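Labels run A, B, C and D following the written order; every chain starts at residue 1.
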Amino acid sequence: MTPHLAYGAFSYDLAHLLGAAVLVLSFGLLYQRRLTSIIAIYALQSVVLAIAATWQGWVQDSAHLYVTALIALCAKGVAIPLALRNIVFRLRIERSVDAALGVFPSMALGVAVATLSILVVLPNTIESETLTREDLALALSVVMLGLLSMITRRSALTQVIGFMSMENGLILAAVGLPGMPLIVELSVAVLVMLAFVVFGVFFFRIRDQFDSLDVSHLDRVGGTHK
Amino acid sequence: MSTIIALIAQLLHIALMLAAAPLLIGLIRRIKARLLGRAGPSLIQPFRDLQRLLRKQPVLADNASWLFAAAPAVSFAATLAAAALIPSFALGMTTAPLADMIVIAGLLTLSRVVLALAGMDIGTAFGGIGASREMTFAVFAEPALLLVIFTLALLAGSTNLDVIATVLREGTLGLRVSLGLSMVAVITIAIVENGRIPVDNPATHLELTMVHEAMVLEYSGRHLALIEWGVALRLLLWLTLICTIFVPFGSGQASGFPPYWITGALAWAAKLGVLAIALAVFESSIAKMRVFRVPEFLGIALLLGVLAVIFLFVSQGFT
Amino acid sequence: MIGELFTPAGLVALLPLLTGVAVAFVPSGALAAWLVIGGSTAAFVMACALPWQFGAGQLLLVDPLSAHMALLTSFVGMTTAWFSRGYIAVEAAAGRLDGARLRQYHALFLAFLGFMLLSLLANNLGVTWVAIEAATLAAVIIVGLPRTAEAVEASWKFFILCGVGIALALFGTFVLYLAALPVFGPGLQAMSWSALTVAAPQCRGTLLNLAFVFMLLGYGTKAGLAPLHTWMPDAHAEGPTPVSAVLAGSILNVALVAILRTRSILESNAEAIPPGPPIMALGLLSLILAALSLWRRRDVKRFFAFSTVEQSGIAAFAFGLGGTVAVFAGVLHMTLHTLIKSAIFQAVGRAAQLKGGQQFADIAGLVTGHRALGLTLAFGIVAIAGLPPFGLFTSEFMIVMETARRIPALSIVLGLGLVISTWALGARLIDLCLGTPTKDKGPAPGRFALLPAWVHLAAVLLLGLLMPGQVKAWLLAIAVSVR
Amino acid sequence: MSPDASPGFWLTGLAIVAGVLFVLGLLAAAGRVRAAYWATLAVCAAGAVLDLGFLAAGHAGPPLSVPIGLPGAGIQLALDGISAFFLLLLMLIGAAAAATALDDHGHYNSTAALLPVFIGAMTLSLLAADAFSLVLGFEAMSLASFGLVLTNHTDPPVRSAALLYLGMAALGAACLIPAMALLVHLEPGAVDLSFAAIREHPPQGWRAIAILVLVLIGAGSKAGLAPLHVWLPPAHAAAPSHVSALMSGAMTKVALYVIVRMLFDLCGPAQPIWWGVPLMALGAMGAVLGALRANIEGDITAVRACSTVENIGLIAVGLGLALAARSADLPALAALAMGGALLHVMAHGLFKSLLFLGAGAALHGAGTRALERLGGLIHRMPVTTGCMLVGAACLAALPPTSGFASEWTLFQAVLAGPRIGGVALQTLICVVALLMALAAALAAAAAVRLIGVGFLGRPRTPRTAAAHEVGYAAQLAMLAMALLCLLAGLFPGAVLAAAAAGLKQTVGLTMAGRSSLLLVTPQAGSPGYAAPAIAALLGLALAGVVWVVRRRATGGSRRGPAWDCGFGPPPAWLPFGDPITQYGGASFGQPLRRALGVALLGAFELVDMPEPGQTRAARLIVRSKDPASALLFKPVARWRDALSGYADHLQFLTIRRTLSVIFGVVVLFLLAVVLLEQL
């Protein structure tokens, strides 16, 4: 019985609502086929995540969570989407995404995965706090959906975004855990990784797929070395 | 005392074998000649041939090695040793404890191998042909022989020829299918081992059909004499073997009263005579077969041998 | 908490990191190389003191396992630094690395080493994770350094796959924390290895299962367990050899240690599913897959990367098998493999420089041409193939023996994999070291260029057949502590 | 057991011998080649003496612990009858090989580093008294011989042979270690790997069967037991001859020793009768296969290697029979079969190494090992040829040589085999006897072919015509081996006496009362085989013949061109006549090839006859393939390649597909967790 459950139903409802919103948004990511709007949805998801973090911070009254929320808001909600948008225009990537898997199958798969993750989490945590339980289930589904959207799309940017929404899922899980220590450090570390991805996409001029690096512009010092 | 008698019997036996071998050849030649309507040479013609050959000085090929010169003696000695082990007119001679059938087979192989090597020593094509075919035939003859030995060993409980002959002479075993089968097998093997028709023709002059003759083609003088004598001795040896195993009746006991030896010797001579006639008739009634059919011919002997052993297992539930 | 970094134990990780920062600002390549040697040597020296300062802080955990692994890693780091100096000099001379990248290389080398040591010594799941991630990022950059298309692609693949992998591991970390929550309540306690190991029985088994799945798969990716191993061959093959030499042994050790610890947590919890079978399954799969893949390789470094996957599989299998003997053998196997593999990579790197190519087609007849180099490589391959008199024979004997005693059927599969791999290794041994030598295109290594490799092989020989009693007791203590 | 608790003097000495041999490798690596060979020779001789001392006076003492090996545990060495018997053979052959290597036949020097190690490793596996040291020695042996096979590694066939060889070695280890593990009884707590502990808990049920299979694969592959013998001919042909002598004479015997040790000693007598069947069946099969191939191969080393397969088969039959008889509680028969097997071990070890040394001499003196290029060596290399004749006589099992003595004993055992009972088994034994006889006869043919084509006749190449005798050390080594062969042939009883302790230990009964120095008998009191008497009989007959000829015949002889049915004397430009006109290896083997080879080896011959007007010579091309390699080895290689192809797909997936694999694995594991928790 940790103190913050004393806040009763409302806190639970709102946290649950926010988590659910994040999940729904990742379904949206899975569904959406236009790059720009995918980026927009990602930004929205990050914002919702930030709100969720704030709310948790208020519920658990821990200052760390506010920092996390701030990071989520600034970096993922604003900076990264802008950078991606920039890349899209710079590299003139065509806006429509070709999917390796049709809309319906991927959605169905997504639903299945979400169900699976709920199945995995819920019976496990009967005696733990309902809030945590729900949150973990949602977070896991978000992670899995992110992975799913990485493999159902051929376009590199959407894969990158899938990766990032995976990280969102992680942060969601983290903020859900009462008194999670080192949360700031962890989210910073995650952020660094995201920065790497974006940098990589930009640096390697990745247009259509992860695998198709365009390294023609790199100075081939000792290109024979192999 | 008895050992002395046994030794005497032994020496007598060896002398008899040495003497009877050419005689047997003469006998067979004569019978065949008669069957072909010719007068034929006298019985002691082979002795005369041996004499003449011994008197001639041999001619060695230029690149003949010591092995070539030594081979006839060794081969003959091996055959003689084998012959010494096979009881002719009396059982229980001095060498009886040594008369193991596998050893006898080994000694015969020894004499064959030595001659085969000698055949290859000059490096002529014919020597090679002869040696190769001789060894090939042996490859099929020896397993068949071993199966016969197997049967006999199962019946007599030993591979010692003397023991086997004693057991069979008592006749307690009665007539057995296995024995019949083995006898056919042994006769087949004997024909091959002695290079008689239909496998090989000792009297041929067409080199390509030769086996044994091709192998010893380069020999002359005393060497050839030893070889001829050895061949005769081997034929006698095989016929005696057949007699000793399958018709052991009438043979005396070396340690026994010497006059019984006479009866034994007579019985032996009679058996040999019959076999000689049978052989002559058989040889003059069929044609020589192609070399590559000989393995099949021997294969039959082999199967008969297997059959004999299996029959034993089934018949008396051998344990 | 940060204060612990300045304890002797903390310095083991801190010194290389600080030196790395320093190196980043040193213009001269030669000086940088010496600094690298200094930093790694300092780390090793500090690590030598670890066995006398067991204890668990908030940040750092010094128990037999971590002390052993830190000692090993820092040792390999040191020898590799020595080797790297000569090797990189040749690379720079050949113009494959220019000044700026040379500096990056040296700095990142130290960062890589430092973060690995930190993750080994960390007592906090979060810190472990962060350190591993940092080490990964450093390695990614180094692998990409040659800037050839292949290298860049390799590093990109490395990054994406391991990124996803450790994301999963992070989720596992969270769940583990949640599982420990009811025991300790919110706070650092619930994330510390030492506390978790003690309190495992009271943790929620069902949550532990979930955590275990993610930890295993997440860190399994880094440990190169099939089928999550595909990044490893490319990374090893394309990166600069010194790093792949360290990579080969150490990064997977780090991951394996994390898996091992998780396993021992689950073991001691009654209601959790037994963690052994899944680990064994992944281990066997890696063994078989890698052994088969060995037959198709044309690139020498890729070839040995696959043998790394195989060895990692064997070690994982041993850990999955559990029990004092198996864990003992597993730790021994891990240790020896790290030593041998870095020795091999050192020899291979030299050979590649000598023959101007790292394809099997380029390298042949080393023993005839360059006796020392050829024999070093030959002995290395013999050792990695698990043939006597080298140590892997002992450890593999123990593992197979233990398997056959407890799960006989599996010992056949294990043996099959070992046969296939030994066979392939033998084939390549013949190709590389024997036959008519190919012509040299590069500088031959100096007389003592391979001294580190010799030291490694000598150590392996000693540990294999003449293990001193103290060392045995030491390894036994480890086995008992994580059994 | 000895009253004193200290490991015996002999054991300690032999342990030191093994250690010194390992050190000698380093000495040779340091460049002191001749010194190393001399030392090896001396050490092996000393080892032989020590071993004889043990056989004569020693008793199996407590094992000797050496602090090397498994962490903390160390290894144990022990010496008992069975290992001492094999050790004697090893030491003799080792000394001969080292002596031969003393005068460097081309590349013998480059084997100096590994040869002592090889012998030492074999010694270790013979002295081993616990599971680890046995496997350690076995593997070290394989590794050392692998290196030795690679001596002239620049030609491809050698490399491929060595590779196949290494594969078999790895297979051996992968089978022996589990077998050992199954022998070690299951008890929680410390595992005791020592043989003493293993003997106390003989395996039963499926464990025993698994052990039997594993040992047959693991050690049988090393021994060259069919159908895993395929590696043997190429490996022996690839190695330098003195190494082949060791491999064929000693190493295969060490593998047999492992079979004996594990199946007879460690598994205990309480095993079903059918245990002997696989050994008998495989042995007979391999005997015929090997002997037949010996009549077809064209390289004299390969011929010997194939006949090794044959002899190993014969020994295996003996071992199998002994197993069956022991289980049927017929100790006398078991002792007879085991005695025959051990006798053949000794005989084959001696004459086969002699033959290999001779092959090395031929290679050195005449520059080739191909039958089609040799010939007429009897004139140029009298000593070598003489020794080869002795060896070939043993190979052909001619009385009164050692080969005949051992095969006679084996045959006696097989002929008495039906006493074990059961018509099925009896029929099997009958067939086995048939196959054994066939193999023996084939071996005789092979021996004649070997000597007749390779050493007699006319030289086939100028190089052969100019052949020269080998160095004195090699000659002495061959002469010594030949002498040993003759002695072992004349006094098989002595060899059986040396094996007595081993027999007692494995089948619980010695040949005492059935074998004296002069006589070996199947049953007590019955007539048997008296080698000296037979020899004497032969000698007397020979003396008599010579005497008669001397007295009656005209002495001396004239030389002249060969008659050869009227072919003229050779022309001046072909002093030996046209070599093609004499029988070669292929032509000698032709009848057998047609009669058996077509069926068993899929042999076929192809006459390459030039068109009229072409000047090139006609050629006879003969091909044959070993069924084992066609039915077993090639498919395995194919599967391996196919599987590695599939495994490779995974490596070259795109990143996206790889991620899907990860995703799949995660989902799989989560599903598993769900299911496990629902249960």
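In the analysis below, a residue touches a chain if its C-beta (ideal position, glycine included) is under 8 Å from a C-beta of that chain, and two chains touch if they have at least 3 such contacts.
These numbers were taken from a predicted model, which means no experiment stands behind them.
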Message: Suppose every chain is reduced to the average of its Cα atoms; which one is closest to the average of all protein Cα atoms?
response: D
- prompt: Of all the other chains, whose mean CA position lies farthest from chain B?
  reply: A
- request: Identify the chain pair with more contacting C-beta pairs: B-D or A-D.
  value: B-D
Field: Cα-centroid distance, chain A relative to chain B, in whole angstrom
entry: 99
Statement: Averaging C-alpha coordinates per chain, one finds the centres of chain B and chain C separated by a number of Å equal to 78
- prompt: So how far apart, in whole Å, are chain B and chain D when each is placed at the average of its C-alpha atoms?
  reply: 35
Message: From the mean C-alpha coordinate of chain A to that of chain D, what's the distance rounded to whole Å?
response: 68
- prompt: What are the residues of chain A that contact at least two other chains?
  reply: 120, 123-124, 147, 150, 210-211
Query: Which residues of chain C are in contact with two or more other chains?
result: 156, 160, 164, 168, 206, 209-210
Field: Touching two or more other chains - residues of chain B
entry: none
Statement: Chain-chain contacts, ordered by label, are A-C, A-D, B-D, C-D
Task: Using the touch rule from the top, collect the residues of chain C that touch chain A in their complex.
output: 94-98, 101, 124, 126-127, 129-130, 133-134, 137, 140, 146-150, 152-153, 156, 159-160, 163-164, 167-168, 170-171, 174-175, 177-178, 181-182, 185-188, 191, 204, 206-207, 209-210, 357-358
- line: As the complex stands, chain A meets chain C at residues 2, 120-121, 123-125, 127-128, 132, 136, 139-140, 143, 147, 150, 163, 166-167, 169-170, 173-174, 177-182, 185-186, 189-190, 192-193, 196-197, 200, 204, 210-211, 213, 215, 218-223, 225-226
Residues of chain A that touch chain D when the two form their complex: 100, 113, 116-117, 119-120, 123-124, 144, 147-148, 150-151, 154, 159, 209-211
- line: Residue positions on chain D within touch of chain A in the complex are 654-657, 659-660, 662-663, 666-667, 670-671, 673-674, 677
Query: What part of chain D is in contact with chain C in the complex they form?
result: 67-72, 131-132, 135-136, 139-140, 143, 146, 150, 153-154, 159, 162-163, 166-167, 170-171, 173-175, 177-178, 180-182, 184, 186, 191, 210, 640-641, 643-648, 650-651, 653, 655, 658-659, 661-662, 665-666, 669-670, 672-673, 676-677
